């Protein structure tokens, strides 16, 4: 119900704005007795942290997380875990222009229409800085899931230029600033994004996130389908305009016999699938195959190219969005998508255990 | 939290299986004093009803709705509205084969993995018959929204063959059995679907649902974004594998200046947008533009073509799914997608009014 | 969130009015594989059923329950269980007086103030007939809890006349029409209630409900305390004006050393308590002792004694409430309180299992 | 669903332990545009603050609140309001005894049974320090309610000694350290509590909280009754063992005609009630009369009198609870009960507005 909470039995609530003193997450319903410290969380924040290459915003934020509650002598107590990240590089700039002119593609006008009022500094609550809080919460979710479940995201398209699946190399993902698994694509993207950035433009991207090790049986029919929860989770990430599971929109082009993942007896006695068009979810419940989700991110609207707009007073105007912005918000969305996958799965795990005792 | 409920302030719960005595929905939180009778609901059920052309299942169900509570002297009382639809054409057939062999592409295996047990008759709870209940609930949501909001769905792709947007004619949607707005495409689809049906196969589809008249300000940031709610709602429909808002995956291919919907002062004093790449939602809040959602549906897995599978006991097997099935489940998903759009919007309307008093 | 739902992981929703065609409950989140049929539910409805003595309303309702979904071959499938009870004895009487005159002590005026509109027939949704639905749901909750947990309610006070604890005899509860464990008190109550009934008045009561066999660890701190859930559950029963746990208001008169339940090593190795002032709950979590709750019920306001009131139009008036009413609504509240105890405990059991795996 | 959240449309989540670095609340769903600063919150925290008389714990905590988000230029933005209070006087003492011996009357054993693990420092999460967070949240709720609703709590019984209603003087409440409206009772309580304190014991209390100015129509039938929400809210306060509305347990001793609050046409055209046995709630909906709730608090179990107990290892032991404790926790519960009343009412106000538009 709560606008800023996500999840059910394992649930988190985030708070904070781009230019406030801090932002954070409260994680509720965490199982007790798990080993947890800031060191389990910080690496994931570092992966999402801005300012690490010329392809992300130059805002310098250490994004150092503090655990304020819910952990005693290094173990979770089962009570709420409050995570806080201080903002340190809120540059003092003049926000008077964006306060009165709506930036097309941003939430400025929608916020004013809803609330009659808005914090214009750095986008306020609509800033992607909020995603730091969920990356922190997502790290807790990974601890809940344990080592049996591994989650990894990468970019499979940037500026309309897709990777070649034949070149897919997991090891390559960490070697370039794009979380790109195809070294050749990464080289092309570097040139394309440099060009876009220099021309005052921006590019979109498609992120793919895969969870391995999810057992069959998580999720639930109808309105708590695992894929329904994943769709809501991914669509909540800034700039996401589309979500697909498994073959997704491609499945709509297949014939029934092509799309049905045939099954065979597996070596361990459990069924083995000969394909994974379904992306690891059938009827809203995990099948034991890898859970595969892709999300489409629009190009950031914060660009130096002038765009026609109107003012709060209804006058025609033109706006150029200066400041420090990501030329492709899709890049830093990869660790955020991993976090959301972990958060959905941890909740599904506890919900399944609660209902079935398994 | 509840697996079979959807929505917050305006909320509904569905129940029932394909082959049980009845199915239904309980609609809670409906505003009081609205004029409502079965006649407001039945037309939407008729639109979704099976057996109306050779392109849908031949199961004959009148899908006649009964209002069992929440309405007094023709007006809603503000208390729960119980809607019931009796199943009348549960054909007595032998389900012993599907009870022991998993149908690839269906939820059979996932249900067994989760619950250790399953109702195999007609897919049980995973049957698309459940969508009748939400179409009934959706009709109530339309009454809540009032005549200012209009919602319409159509198929824009079938079997990988997309419509030509230049031929888009709203009036055409009701003239063919495909909810297709392009008469030429409808003719091609007829041939393609007949061929698929005769060869024991099935086809996928893409449905587009548009809501006009939604004021700016509905929805809420972060985890109750209007697009996040829509994504969860649409992904809960049987066979849906992808959801996109506005340009969706296409937005990932645009440059920043192409994607930002420029604004101008409108004739009525309110801002006017020069494009709607955003699909009527920015920062999770409606902008006053049409809300545009597309969903990808996989081809039904209930086909006559034999597929490799395993039995509950782990033996290799082959299965052919006989019975009465839709050769393209995407067709009847159009009225279901309209219902889910209405249900999400009605909830967003009441939530917005609750928080802001507007 | 939903006004007519209760519970979290194990959750139910009720619908229906006093004079509609039927009423019911949808139970969601039930564990799969449990043996369940109407025969498991009916005895509890029979216990609550009206018309069984001269001390309850003379309305004749068989309260026969139908299971419409969620059960296959006699076992729960894990999907929603729809329970329906048809109303058969809605006497056709003239409701024009109560439609325009507010009955003091009833919800008539409050409903009109909230909804601007109301179903006056038999109290509409505010009728205690709604409690039949939860008694049905409660029977499912008992199946979830299993035979290890036993729940029993009795009246410990009627018309201000309390039982003598020295006479407490569990076997006596079923022998008199008052669920009274003290035979001597039952005799006094018979006389008192006959007198009240004949003079056109009504009496209040205090119900005590005890759950034995609840293991230590159910419930959760702060806003999901077991006693907080029980308080909400009991206060939701018609006519309840007070709820207490363990010594309740009596605990406020004790000194610290009197109230603290001393502990000793128990014969089974687990701690044994020397008293149960706490009523089986500490810090919102069960201690393994019996869970003890008492609820105070006001006398019904539906009496033949004339009371001053006003009309919908604001005129002064006088009203006498004819019709078939319970002279002491507290009596039939006993099986309802048992049901609510079972429903709270079943949810707590699943929630605890979900979070901790125990 | 979440264990540490309360409310629906207006919702708050608390976090923090007695001896952690800080505690706090995240308030979600607050209407936008309200004037809010720390100065609106601090007075309520000061009222609850420990160490202000010899009748409360001597722990010195300034309980200074910081607003970390959700407010821009002195007005609420509609986004989550994060409130933080740092702990400054966590005295470094040895908790090794309470870590291994269960304190009877405390949650120690129940926490261990649930989580298998517990933060023993100052009671960890079960400490009444958590209530500071809700008092802060409650101050925001008062701003939402506006000046039309006023909420006031007082003690009406301490150590079993009740006030004389004839002496009730609102002005007296702030003049003594007991929030006592009867000057004579306050004098008696001072002597009684001094004696209890010196003898190493503690006393219970009954708190009464009244909300004036609540319009008719807030709350909702069945499982979201206003009194049901209030019961859950009050029972969530540490040491509360009973809750009653209006005449509460006293209503169970009245006859029907005594208990029904007669109505007359009021001077302003709206109905006027001649009594308020109902405590301002009928059928779960406010009637426009003052909302009256009482809560019973047990004596604190943290006493110097030795009590029999067991150790974690199951050995018989004896325990004396040293440290700084309130000899009557009921005193500081008065401002907490006011906060919970405000929080329930603010949520009910927004929910009512959402459903009905009023």
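A, B, C and D are the chain letters, set down in written order, and residue numbers restart from 1 in every chain.
Just so we're on the same page, contacts are C-beta pairs under 8 Å (C-beta built on N, C-alpha and C of every residue); 3 or more make two chains touch, one makes a residue touch a chain.
Values in this document were obtained by computation on a predicted structure and should not be read as measured data.
Student: Looking at B-C, A-C or A-B, which one is a repeat of the A-D interface (more than half the contact pairs shared)?
Tutor: B-C
Student: Report the chain whose mean Cα position is at the greatest distance from that of chain B.
Tutor: Measuring from the centre of chain B, the most distant chain centre belongs to D.
Student: Centre to centre, by mean C-alpha position, how many angstrom separate chain B and chain C?
Tutor: 39
Student: Using the average of all C-alpha atoms in each chain as its centre, how far is it in Å between chain C and chain D?
Tutor: The computed centroid separation for chain C versus chain D comes out at 26 Å.
Student: Taking each chain's centre as the mean of its CA atoms, how far is chain B from chain D in angstrom?
Tutor: Chain centroid spacing, chain B to chain D, equals 45 Å.
Student: At which residue positions does chain A touch at least two other chains?
Tutor: 1-5, 8-9, 14, 29, 32, 78-79, 114-116, 125, 221, 356
Student: Residues of chain D touching chain A in their complex?
Tutor: Touch list, chain D to chain A: 1-5, 8-9, 11, 13-17, 20-24, 26, 28-29, 32-33, 66, 68-70, 72, 75, 77-82, 114-119, 121, 124-125.
Student: Can you list the residues on chain A that touch chain B in the complex?
Tutor: Interface residues on the chain A side: 1-6, 8, 14, 102-107, 109-111, 113-116, 125-126, 130, 157, 159-160, 196, 201-206, 215-225, 227-236, 241-265, 269-271, 274, 277-279, 281-288, 296-303, 305, 307-310, 314-316, 330, 352, 356.
Student: Which of the residues in chain D end up touching chain B in this complex?
Tutor: Residues in contact with chain B: 1, 8-9, 29-32, 78-79, 221, 350-351, 353-357.
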